[in-house]
Structure formats: structure tokens, C-alpha cells
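Next, two complexes with subunit A in common: one pairs it with subunit B, the other with subunit C.
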Partner chain A sequence: MSGRTMNKSRLGALPWIAPAIIMIAVFVVWPAFEMIRTSFQNVGATGQSKGWAGFDNYHTLLQNPDLKNVLIRTFIWVVGVVFFTMIISLPVAQLLNANYPGRKVVRWSIIVPWAASLVMTSTAWKWILDAYYGVLNEIAIDLHLRKESIDWLADTKQSFIWLMVVAVFVSIPFTSFVILAGLSTIPNDIKEASHVDGATSWKSYRHITFPLLKPSLFVAAVINLINVFNSFPIIWVITQGGPGYETDTTTTLAYKISFRDQDVGQSAAMAAVNFVIILVFIGLFLKASKNQEQN
Partner chain B sequence: MSTQVLPKRHKRFTGKRVSLTISAWTMGFLFFAPYLQMILTALKSQEEITAIPSTYLPKKWAFSNFTGVWKEIPLATYLKSSFIISISATLIVIVIAIPAAYYVARNNFRGKKAFLLLVLVTQMFAPTALVVGIFREIVAFKLVDTYLALILIYAAFNMAFSIWILSSFFASIPKEVEEAAWIDGCSRFTTLTKIVLPLALPGLVTAFIFTFIAAWNEFVIALTLTSSPEHEPLTVGLTALIGQYQVQWNYLFAGSLIAIVPVVILFALIEKWLVGGLTAGSVK
Partner chain C sequence: MKKVTRVSALVATTALIASAFLGNSAKAADVVELKMVAADYANMQPFWDDLAAKFTKANPTIKVTVNVVSWETIDDKVKTLIATGQTPDVVNKGDYSAAAAEGLLYRADEMVSKKTLDDIVPTFLNNSKYNGVAYAVPDLASARALFYNKDILKKAGVTKLPTTWTELEKVLKQIKAKVPGVYPYALPLGPEEAQAEFSIWAGGNGGVTFKNGKWVINSKENVQTMTFLKKLTDQKLTQPNPAKCDRTACAQTLFAAGKAAFINGSVFLPGWLKDNGGAKINLGSGSFVAAPGKKPVTLGVQDYFTAYKANGHKAEITKWMDFIFEPTNYAAFLKAAGGFIPATKSAGANAAKDPALAPFIKLLPSAIFYPGDQAAWPAVKGAIQQQIGTALANPQKALDAIQAKAEAAK
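Up next is the complex of A and B:
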């Protein structure tokens, strides 16, 4: 037997892991490399490269009159969506964890936005927010909150808020399940203590449960940062980033510049900037994992 | 629904418990509400959808939408494309991830840390972030508007999750089980297929379903790389209907529901392993 292992060990891990490495190298690493290379090239409208361009594409990007607002909006988008997702997911996780009749059904209904295609969920929201026939107007009128229908998406500020609402809605399920998993690692006797009736309940949550949840919260926050930053279908389906570029984030902007405005070079520059931002988020994540490992 | 389990005897039926139940049910309802609206719209006739004043419930339940949709839009073609692409990507992922995950779980080797880092970093990268580069690569490969392009991209981007989750399942199987099989004369390959894989079945199912759903739901890459209705998956084909000047919401949502329902059921099956898998990097 030792002879056989010796023979195999010469090739080592390669036969086992090489296919995975090749797949990842060719279809994940190479596109990343190609994208950054393109950002330094002069690319024609049809996509062919016309040689090196130095930092010209970055220069064009910096002079894009919409860039500043898109950057500010992206910041609001990421921070706002992640913040509200985390804040709302905490009580949601408590409700998923508590004991009451029909808990399974409640858990299932919260899984739906997580499992369903983001495109289709966004389509449903676009329909709910419809100016003429949308159910939100119907509800608002029936509850006497409004006298007549309004176009929820007419004003860009307001439509951007709705985009954020949808983004929070689809991010809560994953986040609350991560927190739920965190809750289940807390030993039972401590949990009992946090379930004591009356005034002590909030206190024990605040001082016992919450601190123990911090690692799961951090993991959920960083994964959300990356997902929300990359988020595309919600904006694309509901507003297409429009009117103009007024509800775009850097992710949808990069897409629009490339595939609608046909300026591949500038788009690659935007995407390269996004790439670096995501790398920073991943660095944060790795650091968090290390910290947790040490604890 | 009628056979609701009664609360345990020692739990008092207090006001607090009632309010807890009510808030939990309200929350569940809120998360389901957009899909309920989808269902209700899919069950209205075109005239009812654009009637003013509109009603919450259909006046006449138009179940025929679910049969009519197949003629109104090329739903069968979209479903076929989505299925071929998703199942192929998933099979590639499973075939490639099993040996990698197994080796990583059982051996220490030079470069293991680098390999795990590569896997973790790619798990964090959504194809959306790299779409410009992916498009240029696929153009160079002359694979634009093919199933193969989507299959390869989806397989590559979902490899990481499957390697993580499978290796954690493999690692949890005691080594002694395998050693016993070796002593009985089983080869390494037979041990893997006959002993290890059956024991890691929940992990396999999770990796399989997760990859399938991710591919089934993907949008940006499909939007970018497909251009003909024969190759467009569902996500792209259905959204193309929204841009048209009169949206047939009833058919759009009937089609969407046909796509969503099976996926939600599959997802519910693996939910308890997903959280662990998605956050695995932080535990390892």
C-alpha cells in the first residue's frame, strides 16, 4: 500500500484539485485580468483593441459629469441598505427563533425572497409600485393615506428610496438566517436566561445574547456589503438606473457605459475601480474570519 | 393547517405569547406579500388587471392564464434553456468539486492555504463585478449566444461554494470508516463512491441544489451573453416582456411563478445547511 501512496504522492494534490483551479483560473481570474487590461487600452466601439491608452480611460471616467453623483449614491446605497438590513434582521431572527404555532410556515415564507430570482422579485415590486394599477396605491387609498394614485417612481429621490426598500427586503432573509444560526450556537441555559419574562428580557438580550451574536453579525454585514455593492437586477428591472443616470450605482453605471453607450474602455475603468473596492471588502472579511478563529 | 399543534402545557397562553404569534405571522405575511400579489395578478384576466377601480382579489379566477402563458410567450423554450444551462453547470461543479473537496478535507499539501484562499476569494466574487471582462473573453472564445458560455461561467463561479460545503461534510466523516474499507481491499476510488459519498449525501444535495438555483436565477451574465430567444434563459426572456409597450402582467407572473415555485421548494429543503456553507470561510 505504501508503494501506491508513494507513487501517487509524486503528483500530489494536482489530479484532485487541478480541474477546479483551471475552471476558476480561466473563467474567474482571467476575466478579472482582462477587465483591468482593457481599462488601460484604447478600445473601439466594436470592441477591438487599438493599443495601449495609459490612464486615458480613467481620465475620461473622472470627467464623466455623472460620476460624482453616482459615487455618492453608491455610498448611500451600500451603507443604507446594509444598515437597515442588519437592524431589521435582528428582530426578524428573534421571531424566527421564538416558539409559537406555525413557526415553520413563517420560516418558509421568509425563505421565498431568498430563493426566488431577484429579477422576478423586482418585477413584482415594479408592478406593486405601478402608478395606475399598482396595489400600493390601492392600499394607500383604501387606508385613506392618499386621495388619489401617485407615481411612486416619478421623483428620482423617491424612486431610489424604493429601490433601497426592495434591496433591504431581499437581503433580510439571508441575514436573519445567519443571525438565527448564531442564536442556535448560544448555549441553552444562557438562552433560557434571555427568555425570562418582564423587564429583564430586553436587558438580557442587550447584555448576553447580542454580544454573543457579534461574530455572526460581522460576517453577515460583510457578505451583505459585497452583495449589495454588486446588486444589479433590482435597479435594472425597476428603473434601469434612469432617468438618465439618476438612480445608477457604480455597478449599473459600468454596465450601462459598456453595453449601452459602447464605451468599453471607460466602462472597464469603472469596473476596475469596483473590483478594487470589492477586494477591500474581501480583505475585511478575511480579517474578520481570522479574528474569529483566534477567539 | 387545521391540525395546528397546541402550545405545550407548561407554556402559558399569555397576552405576550399571543402578541408574539401575531407579530411573527404578520412578518411572515409581509415577506410573502409581493409573491401573493404575483399569484393574484397571475389569476386575473387582462381586462381585470387594467380595470379601475381594481380589486385585490380576482373577480373571476383566471386559472387559464397558467395554460395560456405557454402560447403567449415562448415559455417552453425559456424553461428548456434555463434547465439545460443550470443542470449542465451543476453537473460540472459536482464532478470537479468532489475530488477537490475530498482531497482538501483529507490531506495536507503544499499550496493548500493558497488554494483555499483562491476558493474563498472567488466565492466572494459575483460575476456581475467582472461582466466586462467575461464578455470580452467570451467574444474572444467565439461563444457569444451559446449555452456553453453560460454553463462554463456559472460552473466556475459556483465551484467555490460547493468545494467549501463538501469539504466540511467530508471532514466530518471519521477516517476510520475509510481505513476499514481500504483494509477490505477497496480502492481509493471505490471507497470514495461507495462509502464516503453516501455518508456526505446531505452535503452533495446542498451543493447540487444551491448551484442549480444560482444558475437558474442568474441574470446579468445571461443578459449580456445571450441575444436570441432560443438561447435566452427564463430570467432574461421574461424581463424582455416588461419593456414592451403593453405588459401582459398576468402572463408574465404566471410564467414567473412556474419558474419560482420548484426552486423555492428545493431551497427550503437545504436551508439549514446553506447558512453554514455561505459563511464557512469564517469558521474554517
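Up next is the complex of A and C:
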């Protein structure tokens, strides 16, 4: 009898987590494996493998004249989008946490850009910013801010900034809700105690709330880093990384190498490099969260 | 209770795995399934579904599924299918050479019967060869002309249609001065179809992309061409930012809205305008402009049927292809696609009587074509689409970059 119980517990949670494990194996591990395998293969323009290529694809990738600028831009993209997302999400979370009539509506309305498909949101923004029919131009003209419509996406630097604006816009809901979760864990008595001790609202936020929010800020930052780094639809829908390669990040570049330059092997190498960068991010995350725990 | 739920979790897991495999297993015996992927000229899905149903009625042992895919994604789609071992049997799209070079394709004489092959216009069949052997059957073709909005030209007082770059520049300036709110020339150098715009302009200056076995994208003629286009753009004689202007969503849409005076248009442009809000445009056309002292050219573009060996359905493919080219079916195909030049002699004879097509068919002998027979053409086309727009900032640098890509392409 005791033996049966042992067996049962040895099987443990496996039946419960098996579906998840199978999903991860099929949809995460296997594609990642295939991608890395492809990066070491010589793949023809039609997508057929012609055998092993050693490090040739990586060699070609490193000589890609556009790679350097795209890497720099990717760095600006990730750091810029995550930074502004965090900065804006802090007060938004505060707003969501405050008690006032209609809070539910506000909470819902902030979830919408998160719930909507990224391609949909990006398409909407593409038309908002359109040079000929865009609603942003309409508004600017109606308010007499401008005399004639301008192309918001004309200059490559300016259009990259707009891409970042859209990326921040879609990242805020998730981030502010993570922070909101953090806010709701802070016991009220600590804040009350600080008020009794004569702390102003700002001081109480600065010295009580903010430090206690650090774990959730941390989680939000890292998940955003990964999401933003891998973000494809926003750039692809709005500018296709163009003109040329002027608004590409490594993610859209990988796609272009594969489907415009017809070089699947090199594209897989780019994707593998992306994978390594993400692994470094995750490593840093684990290390930092360990430090946090020790503190 | 606990035990029961654990068992049900196992059952659920098994069901999940089973459902993943079962999807593929239910197939009727002895029926061959042909899979075809076709580009969407107009609204092609109803046409293909109907034709496939008729075909299966006549050939009960062959079932054809046609998957119609937009032009923007069809190359990616077919490549993904091949890379993941789901190669289709027949593909209808704009290139064939890379697949031919890799030995994936049946020859044209294996795809269709001799009777059908003999009916194909020789010029088009010649453009379907790789190393001297035809590996694709042309499905239809198009040619280009300089289209214009007669009302705008009248308002600007333009009486003579420009035939050279110099004349065109003068006319564009005249339009800009006299008809405000209109872009004199709509220049689409965005990714969608930039290779066409580039090719026809370059062709008017004697420039090509491939010559004597070599890629010559950064030739003197081509640099001159892009420099001229830069000059037009810098003087605001085109719409702003041609590099991000796609053919359909930007250039043709501006033209349809009466906001552009001139456009490089394909034979199907009049039909497209009718369906997309440009029915009221008072349309005129003439041959495309050339550099001073050079011969005007038209750009001929043809698309293809290709058949893949992967599934070994040679006999069935031939039956299906011959069925498509049966005169009534082929006429229906052309009709569904909307105003193209036929690829067969028999249908061509009828089209020559069509006033909308006749001038284009006459132009075809002097047409330049893409170097579609080069295995690297898909990659070169991709590089042009991606980067030619940046030539408006620096012609030499952009063309050098494309040339480097072309030379490196496999």
C-alpha cells in the first residue's frame, strides 16, 4: 500500500505539467533547435538545404554591411522603449491604484491596446501617421498647428522615433498592471505610519512605495526587454524597416535576409545571434534577481 | 477524487497528442491530391475553386486544392512550404529560376502536353528557360506605358505628350506651376514593385540589370537614371518620399484620386482604377519616356506556372495544366486575372482585336524583360526592392550596394 503511494507521488505533478512540457518541447525547444541547425547549413534560395556549411553563414553575417548600424539601432530601440515604458507606467499604475468613481472603466481602457493584436494596433498607427490621409495631419491642420499635411514617417530618424512611440504605447498596459500588482501588495499601515511621522506624499512615495515596488519593476523591466527586443509587427507593418535598412532592428533584418536576400542560412545565423543576446539578457536577469533576494 | 482528476489529466494529454497526429491520417485511398499555390491577380480564389471542381468532375481520381496568396507574401509562402517539406505541386507566381537551378522543377515539356506547349508564344517561352531548357510555362504577361490624367494636362495647358526625359521634366514643371495640389509624377520606389519602376526608367537610358553574363546594376546608364530621378524628386516634381511609396497603396491610389498627373502603369491599370475608385479619371496613355537620343522601351513582365517534382505527381500535373490551358478555361483565367496579355497564340489572336490590349501587344517585340532566367534574380529583385529608394539620396552608393548583393547572391 505504501509502495503504491510512493509510486503515485513519484509520478508527482507530471500528469499536470505534461501538456505544458509537450507544448514547450514542440513550440519552443524544437523550433529553436531547427533554427540553430539551419544556421549551420547551406540553404538554397528556394529554401532547400544543400548540406552543412560550418560557420559560413556566421561569417557572411558578420560581413553584412548593414549589420553594424542595425545592432546599434536595436540597442537604442530596446533601451529607449523599455526606459520610457517604465517611466510612463509608474504614474499610470498610481492612477489605476487610486480610488475614484469610474476606476474600472479606466482600468479596462488601458488594457485595450494590450489585448488588441499588435498587427492591428500597428496598422491603425500606420494610418494615423499617413502622409495623405492620416488623422494626425487632420488634427494638426484643424487646430491650426500646421498649414499643410506633413509626412511623419519621411525622415528615417523621425520615423524610428514614431516606431518607438508605438512600441511604448503597446508596452504600457502590461507594465502598469505589473506595477499595479506590486502596489497592491504594499500594506497600507506602513504608508499610514509614514504619514503619522510627518512624511509628505512625495517623500512617502520616494522612501516607502518606490523601494517596495522594486521587485515588480524588475520583473516588468526584464519581460519588456525580451518583448521589445523580439518585437517584429510594429516595425514591419509601419515601415518594413525601410527605406533601405534605416529603421530595421535585428529581428526585422533576419526576416529581410531570408525573404528579400533569399539567404535562409544567414538569416538563421542572425536569429541564432538574437537568441544568444536574449540568453544574455535572461542570464543577467537571473543573476540580478538572485542578488535582490540576498539583499 | 484526486485520483480521478489525475487520470483525466492524463487522458487530456493523450488526447492532445492524438489530435495532433490524427488530423493528417484520414485520407481517401486512390485519390491523388494536387496542391497548388497561386498569386492573387484580382479575386482569384472563386475562379480556381470553380475550375478545380470542374476538373475533379472530369477526373474523379484527382483532387486539386488551390491556395490563393497575395503578391506581397507568395514568395515567402512558397519558400516556407519548401523549407518545411510541404512542397506544393504547382505554383503560379512571378519567378522560377532559383527553383529550376536547384533541380526542383519538372521541365515545361513534362508539365504540359506538346499541343499546349506549341501554343505558347515563343518570346514568352524563351523567357522561361534556365540554361537553355524551359522549366516554366508562362501564364500571362503585361507591358507598361506612360499613363496620364487628361484633365490635369489640359488644366496645365500641356498639348504635346512628352517622349524624352527633358520634355517630361519641362511638362512636370508646368503642371506643378499651374495645377497646385497635384503631384506631377507618381514615383513608387517602395518595396512592392520598385524593380519595375527602376527597370523601365533605366531601360529608357539603355540601362539593364544583367548583360553578357554579368550583373551591371551600377552601370553608368543606371547611375544616370537614378540621378535624373533624384533631380525630379529634389524639385518636388514627384510625390514626397518615393522610397516609401508602394505601387498599389501609394502611387496608383494617388493617381486614382486624381492627385497625380503621370504614372508608369501596367496594362491592367485601367481595370484596377475602375475597381479602386478611379473610374472617373480621364485616362490617356503613350509610350514611356526615354533619355534624349535613346529609344523608348516598354517593360515586359511575365509570370509563370511551375511544377515541383517533390511529390512525384507528374501525370496528374500534366492533366491539370492542360485543363487550365483549354481555350475556354484559359479565357476564364485571363478574365478573372483582369486585362493581361495572353501567353498563348490562340488567345493572343483574340486579344489583338481588343482595343485596350492591342497597343501593348504591338509594343512587346521591343520590350525589355527582367533577367528572370538567372538563378540569382529573386535575390537581386529583393535587393532592388529593398534599396533602390535610397538611391534618391545617393545614386552611386545605393546602386553599388545592390550590385554587391547581386554578385554575392547564390
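Quick notes on this one:
Keep in mind that, in the parts below, the second predicted complex is superposed on the first by the 250 of 295 C-alpha atoms of A that agree within 3 Å, B and C clash if a C-alpha of one lies under 4 Å from a C-alpha of the other, contacts with A are read in each partner's own complex, and residues count from 1 in each chain.
Note that a contact is a pair of C-beta atoms (placed from the backbone, for glycine too) under 8 Å apart; a residue touches a chain by one contact, two chains touch by 3 or more.
Nothing here was measured: the structure is a model prediction, and the numbers come from that model.
If you count the residues of subunit A touched by subunit B and by subunit C, you find the higher number for B.
Contacts of A:47 after superposition: both subunit B and subunit C are touched.
In the superposition on chain A, A:259 makes contact with both subunit B and subunit C. After overlaying the two complexes on the shared chain, residue contacts for A:131 are found with subunit C alone; subunit B is out of touch. When the shared chain is aligned, subunit B and subunit C each come close enough to touch A:19. Of the two partner chains, subunit B is the only one touched by A:271; subunit C is not. Touch criterion met: A:243 reaches subunit C, while subunit B stays clear of it. For the contact definition in use here, the residues of subunit A common to its subunit B contact set and its subunit C contact set are 15-16, 19, 47, 132, 258-259, 264. Partner subunit A is touched in their complex by these residues of subunit B: 4-7, 11, 16-17, 20-21, 23-25, 27-29, 31-32, 34-35, 37-38, 41, 49-50, 52-54, 56, 92, 96-97, 99-100, 102-104, 107, 109-112, 115, 117-122, 124-126, 128-137, 139, 152-153, 155-157, 159-160, 163, 182, 213, 216-217, 219-220, 223-224, 234-235, 238-239, 242, 249, 252-253, 256, 259-260, 263-264, 266-268, 271, 274-276, 278-279, 281-284.
Residue ranges on subunit C touching subunit A, taken from their complex, read 6, 9-10, 12-13, 16-17, 75-76, 79-83, 98-99, 101-102, 104, 190-191, 240-241, 243-244, 254, 259, 375-376, 378-379, 382-383, 385-387, 389-390, 398, 401, 404-405, 408-410. Residue ranges of subunit A in contact with subunit B, taken from their complex: 1, 12-13, 15-17, 19-21, 23-24, 26-28, 30-36, 38, 47, 92, 95, 98-103, 105-121, 123-128, 132-133, 135, 138, 169, 172-174, 177-178, 180-181, 197, 215-216, 219-220, 223, 226-227, 230-233, 236-237, 251, 254-255, 258-259, 264, 267-268, 271, 274-275, 278, 281-282, 285-286, 288-289, 292-293. In the complex of the two chains, the subunit A residues touching subunit C come out as 15-16, 18-19, 22, 43-48, 50, 60, 65, 131-132, 151, 153-154, 239-240, 242-246, 256, 258-264.
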